[in-house]
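For reference, the structures are reproduced in the following blocks.
One chain, chain A, appears in both complexes that follow, with chain B as partner in the first and chain C in the second.
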Partner chain A sequence: MIMSSFDYLKPSSLEEASKLLLENKNSRILAGGTDLLIRMRGGEVKPEKVIDIKNIAGLHEITWEDGRLVLGAAVTWTRIKEDAKIAEHFPALTQASAEFGCYDVRNRATIGGNIANAAPGSECGSPLLIYNADVIVYGPSGERSIPIDQVWLAPGRTNLAEGEFITKVSIPLYPASTKSAYRRISRVEGQDLATCAIAVMISNPEEIAAREVRIALSAVSKTPMRAAELESFLSGKAIDGETINFCKSWMHRNLYPRASSLRGTPEYKKIVLGNLLEDILREFGVLAGELI
Partner chain B sequence: MKQAETGKKAWRNDAYSKVTGQAEYCDDLKVHGMAHAVPVYSSEVHAEIISIETEEARSFPGVLSVITAGDIPGEIRYGQIYKDYHMLADDRIRFNGDVIAIVVAQKREQAVAAAKLVRLNAKPLPPLLDPEEALKDGASLVHEDHIFEGKSCNITNHHKIRRGNVSAAFKECDFVIERKFNTQYIEHSYLEPESGLCIPRYDGVMEVMGSMQHPFSTRRFVAAILGAKLSDVEVRSVAVGGGFGGKDDTAALVCARAALAAKILNKPVKMTYDREWSFRESYKRHPYIIYYKMGIKNGKIHAAEVKIIADSGAYCSVTPWVTWRSTVQCCGPYEVEHVHCDTYGVYTNNVFTGAMRGFGSPQLNFAIEQLVDIAAEKLGISPVEFRKQNMLRQGSTTITGQVLDTHTVSLDQVFEETLKRMDYESKLAKCSRGRADENSDELYGTGLALSYRGMSLGAEGMDFNSAIINVQPDGSILLEAAIHENGQGAESAFILIAAGELGTSVDRIRYRQPSTSNIPDGGTTVASRGTIMGGGAVVTATRELKRKLAMALCCRLSCNPGDIRFFNDRIYGKTDDVFLTYEQAVHEMYLQQEIPYAFGVFKAPKVSWDEETGKGNAYFTWVYGCQAVELTVNRKTGKVKLLNMTAAHEVGRAINMPMILGQIYGGMAMGAGYGLMEEVKVKDGIIQNTNFNTYKIPRAADLPEMQAIVIENGDPLSPSGAKGIGEPANELMAPAIANAVYNATGIRYYSSPLKITVENENNNK
Partner chain C sequence: MKHTITLNVNGQKYTVDVEPQEKLLDVLRDKLDITSPKKGCEMGECGACTVIMNGKAVNSCLVLAVESQDAVITTVEALHADGKLHPLQQAFIDAGAVQCGFCTPGMIMSAKALLDTNPTPTEMEIKEAIAGNFCRCTGYKPIVDAIQSAAAVMKKEGA
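Let's look at the complex of A and B:
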């Protein structure tokens, strides 16, 4: 039961939506509603206005333009999961979509909503981070683009200004030789938040000197995070058992997951993320001795 | 022995309405003028109540009443064994789920909003949360007036077994294994949370409908709170969305509080619980601390010393009964010469604990079946061989001195069938034992567990049941038994049993919606006793009806009463060309002023128990089960993947095969949850996970292929031949998983759920 009363608004343009958002301090954007409605039911948020953006043209589109994939904010996770071209270019995103919620949640939940919800373990977090996605927002001063690593501030908090809301996610394409993957651990199969997750991308996997490694981690910090230090350590060098051990030890020294998590102890998360990283690198064939 | 054909078609009297969503559960019911009641909790875990301020809540729009303990006309305190439950908190808060007031409003939304305005002034007291601390002399008292064995303490009960001489026996042993086990709180996870609808009726009776497993227990709670006689309360059954043992105390309390509101306002009141309230307030499966010492001599379990501490939480509920079963079954299905067992139930300020599917056996089996594997390994023999050397067989004597000779002891059968179906021993040889293949991170393991289980209540309490069969003028038949339909298919089983006895089609028989004002109290629907006790009463009633029909119809059928036969939906004389339809038969009965009505009672055969020595024939019959599992453990992530779960259970005679299979599959699934993922997490006395987003139960995607083998050995002491399957199916998978995880990883886990650690490689400093 939702215990607070609210007005439901369904604007048909970006301008109108932004205006409503600006005029009503206590309002919330509704896309899929899979997070918002639960929080309203729990009484954690009590918006006076709920602004549904699903009636705005363009927010449902998946387009490929100028070397970029552009996902409308209201694109559902089911559509991402079932898109063969996304799977070809952004396998980490597709793998994340397959872990996302369950059938019925994926049918409603959107990519924009998942970003806006700003959960530390959000499914979109690590994949969008390794792909250097840009989040396009619309607000009183028009459209602007925010790099994904500047979007999240803390659990539930984003960098969006008053009257702004997410309209699109834009992701640059990478050369065909680029490899990327996403792995997550959950307590049960499906419909559970990630205990922890990792996404890894390697460009130029076959040319060691030109190799660039990107690593993002979820559910170990206040927001999904890039592991910059690990990335520069791994980039441009041959990866062997010793390098892997350094990475594992880095996880132990540098990660501070909160101890109060119901899903996994800090120790477990740190060990498992190291193991998952090793797994992915082995699968990419970049562990020394296997490829070179 | 017969391995039953499992491909039979399902039959249920309620299938169509439940599949199509037409079945009405309590919260679906609406009555004109009905008000809504909700509970009010406090943030306290343990506190002395100074005052409860209700003024602000009373003035909230739509609020009809705010009720506190002072408004109760009858008894404030009630309970199944001890009257220790304060139906509304009056003196103290004893756990975080204590209800301090009820808010009643025209709309549920108004009641929920107003509930937040009730204020509690209380003096917090230090909570007592550790059951071992609570056992100590000088511990603060959860119930100051509670006396056990002559002294004020937190002990709810102490059961004992004194068999042979344990201390001498341990000295004779080749080796002794000593381990401590811990098990967790489990939520029943019934689909439908608690709900009650109470209607003050024109004839002065308080009519109650609700989601419950025992209408008569609900009636006692309602009568107590109202200060009414049992005959002043009528509890009627509606469709129930599951119980798993969890729809007794709390379900009855919800109805009692709704009845209190209905009485005060003199109007119908419904009280339906949110999932969060249900998690917070309803009783759980007991967490156990088990200290176990097992001595082995010449390949036999020679001695066992067991100390069990069960956290009863703030109230006793049925802790003495739950822990009694743990005591009787504390050595598993094995012959042990020397046994010393002490089992304590103890009050704390945690959520209270009570009946849950398994009722004291899942905790013990988790310990015993691992110890048996440990012993076998120490002996250097296979766990299969070790079990064969020790297990109960026809004519064996149990640890309470009961000789198993009145029924077929089918432990070896369920064991052999499981081994055969799984090709178990060759799989056992393939287990990884901590070493994965070069190319794989998956460690393979298989494990199994065995159990025997006393049927029905045993020496726990009075055990009898009744049934009424009433043939109507058109030949249709109304049947009822004093067992409750919780969703498990009890009504369908009784119709099938009656149809079998009477030789009629199931379509002729309709199950009468039960009411406490119609049939005598037959005890609660627990202990896997529905089919054996209710079915026994149905058989007795149908036999009595057949006797009456035979006496009245023998002249018309030109034969002796003893020649009359019931089959083919008709009543036959000596030859197949002489018969009456049921319509004709009833007409004939009425002409003779005979009523085709019968009442049947089944009383459980005699059982016995000595509280001081733990000797006796604890249960009048037993069932036997074996469950096995294959799984892999990923050594890099600790994730367990179940590959196959197989069960063999002896059920007496099978009545409704697909329902038996459903119980077995569901039982294995719940057992997997017990072993691997389910846990009510309590921090400082407050439950942290109060819905299924944080309390994880196994889902279809978590479960593997399941196979069920059903063994039929009709039981001579059960009139229908049937025994039970509800709980046996739920008491074995967790230890089977623990054994399989050991065989995969080489690591033993002594706490449930298993929290698999991952390999911490040397360089991870």
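Let's look at the complex of A and C:
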């Protein structure tokens, strides 16, 4: 199908981009384009204006400031994947980047675009949730920061106001002893969307009483989600076979993935997520003894 | 609204008028007569349209032509020099990595982007690099073999 026509605009400042976005109700922000152009080609979205933000200074930068990693919205997944310092501090994000699309797609697709698309199984979802990232947006009233767990409302819908767009993602650094990981399964190895995915972070893994566990799940609800109940269950306690069995049964009792998914049945996803959680805890070395 | 863009394709500078909805792939094929990038899925899934843009392999069906202002683009057309095939092209022929040939230009550009940054890739790295390039004929093995032997030839030639 041929795309319907539109005007291509390339603002060079945040103010200009926000103004264009506000003035043109039927407009779309273009970053990497790997989702937007497909949806435009399919006729799913027909913007009259496409606003390319790649010409705005600062949106391509990866910076480390005041104990935080700040990724510009236009930073590509290839750059995230190849950044050794990100791998050192945020392994779950690096592991997600390695699963993301394929070479060609990673070379264009951006972190900001992935957040803005608000897909339930988005690669950035679970890692940004466990790291308590903040999404920085710019709009008519200037800059504001939205905690990541308040960004996504439903598939394709975010909490951004009119005229606002994502400019940065800011992630706090954690002590070196913190462990984190991302695992997903997909129908084929290589280029496919996640059937489901999980990210786990453990602070103070060596001191059981001081342990804080964070768990996020993707592709099992309308948006990527934190599993708060599981987190408080696992935090501050020794983890053994019995604990793991509770986690697995929790998945069965509390998750409601949609039955119409092309990629996996609800039952399958729940089993897989329990198993992936066990794998990660075992890798972290916090799982005592064998499973019963 | 038309835009006039200037881009460098295979060492030659082109100035061309494009509509916003035209893809880089359309402009290469229909306006510049560079037809090695193939139109396959047009959804960034098959990799038949892969070109190297500013040093990175990209799906040219997922890049608006207007976005390629000032870009440096390389396609298979630029690989042979002085009547001699590039080691990747020769290796694809020798290994039987070309059957119907539709995926070959994209496959070779993904392989080139890999070898440009990683001259001695492992088998897994090769598979990763071509994960976005579909081949429905060969079963991939001859392609991986070809990229491995091209890497060896290029290393020898470079040494």
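Couple of notes before you dig in:
The rule we apply is simple: the second predicted complex is superposed on the first by the 285 of 292 C-alpha atoms of A that agree within 3 Å, B and C clash if a C-alpha of one lies under 4 Å from a C-alpha of the other, contacts with A are read in each partner's own complex, and residues count from 1 in each chain.
Keep this in mind: contacts are C-beta pairs under 8 Å (C-beta built on N, C-alpha and C of every residue); 3 or more make two chains touch, one makes a residue touch a chain.
Keep in mind it's a predicted model, so treat the numbers as computed, not measured.
When the two structures are aligned on the shared chain, A:L281 is found in touch with neither chain B nor chain C. Shared-chain residue A:M3: touches chain B and chain C both. When the shared chain is aligned, no partner comes close enough to touch A:I136: not chain B, not chain C.
By the touch criterion defined above, A:Y268 reaches chain B but does not reach chain C. Applying the stated contact rule after C-alpha superposition, one finds that A:H252 touches chain B and leaves chain C untouched. Once the two complexes are overlaid on the shared chain, A:V105 sits against chain C while remaining clear of chain B. Once the two complexes are overlaid on the shared chain, A:D52 sits against chain C while remaining clear of chain B. By the document's definition of touching, of the two partners only chain B reaches A:I185; chain C does not.
Annotation: chain A residues 3, 38, 190-191 touch chain B in one complex and chain C in the other. Across the complex, chain A is touched by residues 1, 3, 19-21, 23, 42-45, 47, 50, 56-59, 61-64, 66-67, 110, 113-114, 127-132 of chain C.
By the touch criterion given at the top, residues 2-8, 10, 30, 33-34, 37-38, 40-41, 50, 52, 54, 78, 101-105, 107-108, 190-191 of chain A touch chain C in their complex.
Of all residues in chain B, those touching chain A in their complex are 108-109, 112-113, 274, 441, 636-639, 677, 681, 688-689, 693-694, 696, 698-699, 701-702, 757-761, 763-765.
Residues 1, 3, 38, 185, 187-192, 245, 248-249, 252, 262, 268, 271-272, 274-276, 278-279 of chain A are the ones touching chain B in the complex.
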